[in-house]
Amino acid sequence: MSTAETTPPPKATPPEKVEASAPSFEKSFIDQITNHFSDDVEVEYIKENRTRVNVKKEKIVDVAKFIKDNTPFDHAESVTGVDFPEDKEIGVIYHLGSYTDPAYSKQVLALATRVPREENPNPGNDSTKLSSLREIFYSVEFHEREIFEMLGVYFEGHPDNRRLLLPEDWADLPPLRKDFTNKGR
Amino acid sequence: MSVIAPKFRLGYFLKGIFDNLFWIITLVTLAGIPAIQIALFFLPLPIIDGEILTAYLAFTWLFNPTMQIPLIKTLLYSDLFRIAAFPGFGFAALIAAGTIFVERKMLAKLQLRVGPFYCGKIEGILQLAGDGLKLISKEIIIPAKADKPLFWAAPVLFVGAAAAFVALIPVAPGGWVVADLDVGLLAVFAVIGFFPIITILSAWSANSKFPFIGGIRALHQMVSFEIPLILSLLGVVILTGTLNLSEIVESQSSFPWIIFMPIGAIVFFIAMLAELERIPFDLPEAESEIVAGWLTEFSGMMYGLVQLGSYLKLYAFAALFVIIFLGGWTGPVFWPPLETELITEGIPIPNYAGDPILTVATPGLPLFDKDPNEWVLQQQGELMYTSGQLLISGVIWFVLKTVGVIFFILLPRGVFPRIRIDMLLHIGWYKLIGLSFVNIFIALGLVYAGVIGPGGIL
Amino acid sequence: MVGESVASYSNVLLMFGFACAAMIPALIISRMISPENKKQPNPVKTLPMECGQVPSGAGRTHFMMQYYAYVLMFVIFDVMAIFLYAWGSSLLDLPRTATLPIIAFLGIMFAAMAFALNLSKRKDIW
Amino acid sequence: MTDKLIPTKQMPPGLQVDQVDDRIMTLNVGPQHPGSGHMRIIVRIDGDYIVDADPDPGYVHRGEEKMAEARNYILNIPHLERPVIHDSCNILYPYVLGVEDLVGIEVTERAKYIRVITAELNRCIYIQYWLAIYGIFLGHSTMFMWPAGDRELLIDLMEKITGARVTHSYFIPGGVRNDVPANFEDVCLRQVNYFEKRIKEYADVFYDNPILKARTEDTGVLSREDAIRLGTTGSVLRASGVDYDVRVKEPYDVYDDLDVHTNVLKAGDSYARSKIPWLDMIESCNIIRQALEKMPKSGSIRTKLKPNPKGKDEEVYRRVESGRGAAGCHIISKSKPEPYRLKLSVGSFRNLIALPYLLKGEKLGNMPAVYWSLNYWPVEADR
């Protein structure tokens, strides 16, 4: 809440427009989350089968724990890291799905957060840090390792923050940042 | 030694050849000829027509048509011929080469492909020669910190041990065996015991992890399958009362032992597959687990030698199975010899009036016979060697049976996946040993029920 | 007919020696004609095989397979199995009463083996 | 590396790692190993038991996601199928669906059916390749040759349709690249019928083989709860008794018109994991036959797309069921011809997380059987 001014929403989300045609089923479990975390979460969109909530980075563990305990979402399908150099932020989006509840098996809940970005990254030792969700959704383990090496986001509480895909002698920028340019392109 | 491939120059090449020739001639003159002369003092030289066959005499007789047949026969019955050519190394290597060809083509047919196809025009029959040439022209890489003498010696020793195994195999009646031992079967077990030791030695000497695990797996394979292998043959020994392999074959002139002890044959066959390290028991070389097992560090011709040794071993095991359970060379004689009168006296052919005007005597049909009565004498047990017909017939039967057994050894490679080491130990200790005990009691029962043995029915 | 002399034993050794002697030229010829850069040996080439990685640790280490109970049993029962051949090969010459002790021996051997297997399985050594 | 969250499996006695540390050997399995594929598994063994396994992928990492940020939506098609060239239609499918959402075009009915048919054919091609390697990993060389040979049937069929044998680049936003040949229905039906008859013979030589059953049953058991918690997908998930197939649960294109049966096995061991893809192939043959019946015999195969299309200013996440499980494509678009960020969430990468957990406490001989039963394709996991 103290960092409310540092995390402005990147674009003016039009929730009103979406809500007019928002599917009621998706809205029901999103409402569950928004009711519990009133001002910490912000619904970006509610579309058919796809929903997204943006969470402040301090609250990501609490929200994830709440989702795990109170909704049937039981695993993370994918974790996307996005670099926003204009906002000086890096976004991390967890896509959560459900295997156990047939009613929810179509749904993918995107749980998004943002961490500050530094111009001269020093992965692991700078402010680009986020709490790991591995204790809650076990399946994010390798995804978080990939984001650590590709974007330099250090996941606190992750037991195994090592390189996964990149070679051991990689000494350049984290390659998925926008300021790492493709050679020859 | 000269190196051909990089920076080849004809002068260096010729110089290398001449250097090698020079050293060969020098060494032969200084060491070889004296050694031969010293050996000639102690070696018994054969006597032909009352003359001692010296080297000079043999060279003279080569150009004397009448003396060539005795010369060849002398050569045929010498130990060197047995070791190098017929029942020994050459024969076994020939069958091993055939086995490799058959294995490739058979597996290919089983797996809906064609196998070696181009080399040699006819179904890729020269593929093996091509592979040999390729292997011999490859560089031999010795891993750093390897125990070099052991590492070099392992493939050679492997081939040697396999050849020693081959030496114990009789292939034809009349003592056509390199070493005719009274305790032939025990000697076979002794030689079989060498292979895991060689495996472990080479695995240990390579100073690499995958060969090491492979060697230990080979040890465990021996641990679990040596006892069933030994016990499964005890039934036959009980029934025949001898350990001599030739006598075991001769005891099966009327029926093979597999009729009475199929359990022993099955146990022996499975244990044989395990000792040969063939799928499904190729754990020491399991390529998807431990790269190539104990063969990982072998390159070039060393690998080729190990392969040669393993196929020699394959032939020897198949031949042992044939000798003990399938009756060896026994079988109907092809082209049985003519009647004794025809050979000794000839048949008088009468004219129309009934007077004998012509006597037809066959030339010595047995090709290597000394005199026409040889086959008769051999039947009466007065000749130490056998006649041509019996030899050829016995060898043909032996080879046919051996090839059949080899086929069944090759077949599981296309049918089964590899098993795991704990399953292997479990099979060996819990199942095969029990079955081989059953086999022993079947043999004892046959003896004491009076079916087989002195005074038995059969 | 049956070879009785030392010569027939020595034939095994001769065959062994012949095969060894015949294989050594193959290695020597291979050394002669194979390409090998002796002046600049490649140290990476002679590394032990470790799937393309630089080897870590020694190849010859303290390494224990779990199945050592089988190995212990092998040491005992392999010798006993060979002993049986002395009896088996002369069974037809022996009086029938001589078989009874052997059957007792077989029974003890089998029972001991079963007990050892059972024990090691119950203790779950492997 | 040690996980406290997941209950550790019962290790055999005498294998307490902290006490026996001096005799543990570290084996690098891969990247140059007949049983690894293009990856490395750092296996620590104590005798015959694996006490720890650490997968190390990345030897064929190509930066597909970074490359996609520099190319427009059409140019991305050929290189995005490279991670799994044997399953190139299915790996492109979520991307193409996502781009259609972003650009906002509809696909014609006939193109949808052609897409489903080619996707199912491609799934069979991939599974045949996978099965061949599973066979050789277990030392069963016949099982290597048979699927590799029968795969040619479907590859020839795909060559007739798309013109390429392996890398088809067939799906494009708005439909497919070209129409099927004239007598396609008959040829496809005949090939698929023969193919199904042929793969049913695999049961005799492989799936009913007693040694294979003894080797793979009860090895690498993944329980239902762990399969869900680890977020595994595809055949690994369904072999553990979870009834989840994206084709059924979230039908895309025309899968809701077709009768798709989900194969589920309860055991969760390597045998079940190796059997599910085989059952999937038989199911794919059924789907292809249904689709051939219902396919419109004529019509457009492509909606015209304006050159260099721009995506909307939104993000889209689409998933399909590929040969290795759910393949998701997350595209963040910023009203540009190029995607701002493209993330492929592929089945191989998601299943790899189960590998260290499954290998712990297994025997070394089970390592290839468990590893390849995870339906793992190293190139796809590295992307």
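Letters A, B, C and D name the chains as they come in the text, with residue numbers starting at 1 for each one.
Just so we're on the same page, contacts are C-beta pairs under 8 Å (C-beta built on N, C-alpha and C of every residue); 3 or more make two chains touch, one makes a residue touch a chain.
Treat the numbers as computed from the prediction; the structure is a model and nothing was measured.
Novice: Identify the chain pair joined by the greatest number of C-beta pairs in contact.
Specialist: The chain pair sharing the largest number of C-beta contacts is B-C.
Novice: Just the number, please: Cα centre separation of chain C and chain D in whole Å.
Specialist: Between these chains, centre-to-centre, one finds 45 Å.
Novice: Could you grab the centroid distance between chain A and chain D? Build each centroid from C-alpha atoms only and quote it in angstrom.
Specialist: Taking the mean C-alpha position of each chain, the two centres sit 25 Å apart.
Novice: Take the average of all CA coordinates in chain B, do the same for chain D, and state the distance between these two points in whole angstrom.
Specialist: 50
Novice: So the centre of each chain is just the mean of its C-alpha atoms; given that, what is the distance between chain A and chain C in Å?
Specialist: 61
Novice: Give the residues of chain D touching no fewer than two other chains, as numbers and ranges.
Specialist: Answer for chain D, listing residues that touch two or more other chains: 25, 33, 48.
Novice: At least two partner chains per residue is the criterion; list those residues in chain C.
Specialist: Residue numbers touching two or more other chains: 50-51, 57, 61, 63, 65, 67, 126.
Novice: Counting only residues that touch at least two other chains, what does the list for chain B look like?
Specialist: Correct list: 209-210, 213, 291, 421-422.
Novice: Where do chains touch, given as pairs?
Specialist: All touching pairs, sorted by chain label, are A-D, B-C, B-D, C-D.
Novice: Which residues of chain A touch chain D once you look at their complex with the stated criterion?
Specialist: Chain A reaches chain D through residues 11, 45, 49-50, 52, 74-78, 80, 82-83, 93, 95, 99-100, 102, 105-106, 108, 110, 135, 137-143, 159-160, 163-167, 175-176, 180, 182, 185.
Novice: Of all residues in chain C, which touch chain D in the complex?
Specialist: 50-53, 56-57, 61-67, 124-126
Novice: Give the list of chain C residues in touch with chain B in this complex.
Specialist: 1-4, 8-9, 11-20, 22-24, 26-38, 43, 45-51, 55, 57-61, 63, 65, 67, 70-71, 73-74, 77-78, 81-82, 84-85, 88-93, 96, 99, 103, 106, 110, 113, 117, 126
Novice: Please give the residue numbers of chain D that touch chain A in the complex, ascending.
Specialist: Per the stated touch rule, the residues are 1-3, 5-6, 56-58, 61, 63, 65-67, 70, 228-233, 237, 242, 244, 249-250, 313-317, 319, 326, 328, 330, 332, 340-341, 343, 345, 349-350, 352-353, 382.
Novice: Under the touch definition given earlier, write down the residues of chain B that touch chain D in their complex.
Specialist: Its residues touching chain D are 107, 110-113, 209-210, 213, 279-280, 282-283, 286-292, 413-423.
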